[in-house]
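Presented sequentially are two complexes of chain A, the first with chain B as partner and the second with chain C.
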Partner chain A sequence: MMRKVLDVKGLSKVYGKGCPYCRDATGPRFDTNICPHCASVVAVHDISFTLYEGEILGVMGESGSGKSTVVKCLYFDETVDGGTAHFFDNHGQYNLFDLFSLNAAQRRWLRYRRFGMVYQNPHMGLNLGISAGGNIAERLLMNDMLIYADIRKRASELLQRTEVPENRMDDLPGHFSGGMQQRVQIAKALATNPPLLFLDEVTTGLDVSVQASILDLIIEIQDQLKTTMIVVTHDLGVIRLLAGRTIVMKNGCIIEAGLTDQILEDPQHAYTQRLVASAL
Partner chain B sequence: MTTSPLLQIEGLSKSFFMHDQQKEIPSAREVSFRVHSKRLTALVGPTGAGKSSILKAIYRTYIPCKGRILYRSAAGKTVDLASADEHTILALRSREIGFVTQFLFALPRQPAIDVVASPLYRRGLSKADGRQKAGALLQRLHIPEHLWGLSPTTFSGGERQRINLARGIIGRPRLLLLDEPTASLDLRTTGDVLEMITELKNEGTGILAIFHDPDLVQRMADAVYQLDRP
Partner chain C sequence: MRNDTPYTPSTAYPFGFLDAYAKREIRRSILKAVALPGYQVPYASREMPMGRGFGTGALQLTLSVVGPDDTLKVIDQGSDDSVNAVNLRRFIRKTCPGIQTTTLTEAATVLQSRHRIPEKPLTEEQICILQVPYPDPLVYVEPTEEKRRTMHGEADYARLWVKLYEDMREFDEITISHRYPTRINGHYVLDPSPIPRYDVPKLNRSRALILFGAGREKKIYAVPPFTKAEPLTFEDVPFRTETFVDADGNRLACRRCGATDSFLDEFTTDTGEKVFQCSDSDYCLSRSQGPASAIYTEARHDA
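Take a look at the complex of A and B:
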């Protein structure tokens, strides 16, 4: 039987002071996410979805549609203004986390141990002042791996898996190419074998051969580790290759959700039809 | 046939609503037929009669507008593919229902042998086992061994099509949907492909196929369902 990993209900996020009219005056119907009454930005409004173990969910939409904000909220980079998210952790004993009611220590624990995040900008996910190996070690130390030799061994395994040359392990990631930085970031995110991985535009801005190697890596991770992932991207090709199911966002709302091939070949919403028609 | 069908399609209709033009485009209207295990059912009809649309509706790449698509699963349950939830569809796709189109869509850079074996990797098979099975298939389809390690993007149309077919049948689906599986093949490789399709059928797979060539329909089909333009 398929096991639920994440259950998000009514997730909302507003930037600005907000007013009682915000939510009724924004969204795809009005083609804006800026409230005309108080000028607050309704970045995400009433987002709900469920994720099952081992699946990859694509979140697609144009810039400003709120897709990155969704994963930032789930990874605690942002606070939320409404909704719930339940994370079902099967590690050791069965645990259920009500994400938006946790204290800072619990949030940190999940971030370091059970979630992984790969940002579009590697500078967000990496500490550029310490070596590639050191970045991975940081995450392992948080997980009570304290023996130097063990840490080094694990770091080198991870870099190998993500095809970062082992002899660069002690170099600063600031001296790496963009694609290599991205692979170090993925290695870091994978260090603790997290059951849930967030990928925010991880191939955007990379050249196609590097893109291909990162997509390869993501598929391999899914096949071998059965990691559940949320992949945020505006690239329909990436969505088609990676995601089994996809949600389409516009002006902070989900306008369409379904099987990825169905979204791309038989889109129902006017906006998705236009998006797909202009991309293919 | 007295046994209950593997797939029973009842009053299936599909049309597309194009928002830009505010226009409804019909694709298939009130289609009903059955597909049995161990048999090949061919869909025939003129271009635009909705043959491919019906295959896509069964696979749920298209959302059917009306009708039922009743599939008898390996677990003995009857699932309406027109309305089943997405996770049920994904599970059936990975285990029971295969779809082979004329076009190969694969991960860039992935070696042909891994493209073929990828459905097995999804099921948790090791790389070594997957490659062994994929290699056997590729050999039978006369794909030269020196190509196995290369990405199929550089292959000829016929080679790509055979890679696609191999990937579609490697998991031994119970129901196989074939959309012109021999469209760009020469005589000899067409023979190879037909032989494999027949073999799969004899092992128990129910097949629903579209062939561009009427001779192939005559040669391969156990049942024919005629479609007209909607």
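Take a look at the complex of A and C:
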């Protein structure tokens, strides 16, 4: 039987002060996520999904549909306003959003050691003022790897695996091309072999050949390390290539979920139909 | 370290310049700092009759802990005679009637120091108070104080180590010469004021209580006696102190007392020659002229 890695139930996030009508007055039915009563933005409303070991889940949707907010909440970049998320690993289970079971330090521990994040914009995930190796070292140092020679070795291994030329290890990622910055970000996220990886629009804004090689890299990593991933994208090609299962979001809600093939070949919701039709 | 004597008629200021409430607050902060080794305790740094940055933080600590039966030594970069030390000593003597001052390390019960810990080992009977310009070692890596406090609370110091990594990468050694980040009792990392690396090992299991006062930044922190103090480093990159060796690898000696076991200052003479001399003037004089020399300097300061 497949092992559960992540179990999200009823995840919600509202930007703004919120009111009792927010949840009932927004969503795909109203084609907005801005509450007409209090003008709060319901970024994510009642999202539930389960993730199994080694699986890649695609999260698809238009700009502003809340797909990035979901992974930001799970990676503790944002606080949540409702719902639960359980993360399971060899050591046990963690109730991510429950302050009583995880304090700030424990969350940080999970974030640094068990999760990895690759942002759309490398500025978010990398410190461009320190060398590529230093960026990877940061993750390793967070894991109490305090032997300099070992850090160098591991950083060089990771950069090799993500096909960053080894002689660029001591250069600033600020001087790299976009594709190479993204590779360094992936190397950094992989530094501690996290069982769960969040990829937020990793290929957006890169030219197609670079996109292809980054996607190849992700498939290879998934193949070799059996890393569970959530891939957020609006690119159907990425979803088709990577994700086994997909959820489609609109106005902060899930409008369709299922096997990727099924969703792309036989979309049920009008929005998904339009999305698939426009891409082909 | 006795009760405060009441207002002295000569100055119309309370003993120790600060009013009783200010001293009480500072003493409370000191107790907290001792209870949480390395933790930066915020306090209401008072306005002193000298500019912030002249050691007002340490001065307030000194004024709060000394009593009329104490003997005080004030050091500036190892020297008792430089402007900062002389002026602070005069000020303390003026505002603390009855207090003894000395230049002899072993005779002092309270030592206020700028940028050095004396060469002579301190004892349980002594308190060493250091003047601190920048109390937080994390300012290098995190500009927001709020975030820094969280990082301290969670002992999240990875980014400090990244700085060391970047040093190693670029120079093959850690290039921090002073203010070397030091971990106290396995948790908080503090900035040990601009003491040179040479003095950092003296913090470890020090017999004397070491207090740090940052007047401008309004922080007090402490290394209590017999507390572990470890400079941050990698397991395979040992912490190194200044070695003072010449090109042939021989240890340089002080030109006055001939010491080869002290922190040396480098001078260039009028003839362009480089010479070295003990930074700690009391250590140097005690070696070359015997402890009696302290009485001489004492008399001179009295003038």
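Basically, the second predicted complex is superposed on the first by the 269 of 280 C-alpha atoms of A that agree within 3 Å, B and C clash if a C-alpha of one lies under 4 Å from a C-alpha of the other, contacts with A are read in each partner's own complex, and residues count from 1 in each chain.
Just so it is clear, a residue touches a chain if its C-beta (ideal position, glycine included) is under 8 Å from a C-beta of that chain, and two chains touch if they have at least 3 such contacts.
All of these numbers come straight from a predicted model, not from anything done at the bench.
In the superposed model, A:Leu146 makes contact with chain C only, not with chain B.
By the touch criterion defined above, A:Asp261 lies against chain B but remains apart from chain C after alignment on the C-alpha atoms of chain A.
In the superposed pair of complexes, A:Asp223 makes contact with chain B only, with no contact to chain C.
Contacts of A:Leu241 after superposition: chain B is touched, whereas chain C is not reached. In the superposed model, A:Arg274 lies in contact with chain B only, and not with chain C. Measured by the number of chain A residues touched, the leading partner among chain B and chain C is B. Of the two partner chains placed around the shared chain by superposition, chain C is the only one that A:Ala104 touches, whereas chain B remains out of contact.
Shared contact residues of chain A, touching chain B in one structure and chain C in the other, are absent. Chain B makes touch with chain A in their complex at residues 16-20, 56, 59-63, 86-87, 89-91, 105, 107-110, 121-122, 124. Touching chain A in their complex are the following residues of chain C: 150, 153-154, 156, 158-159, 161-162, 165-166, 168-170, 234-237. By the touch rule above, chain A contacts chain B in their complex via residues 2, 52, 55, 208-209, 211-213, 215-216, 219, 223, 240-241, 244-245, 258-259, 261-262, 265-266, 268-270, 273-274, 277.
For chain A in complex with chain C, the touching residues are 104-105, 108, 112, 127, 130-131, 133-134, 137-138, 141-142, 146-151, 170.
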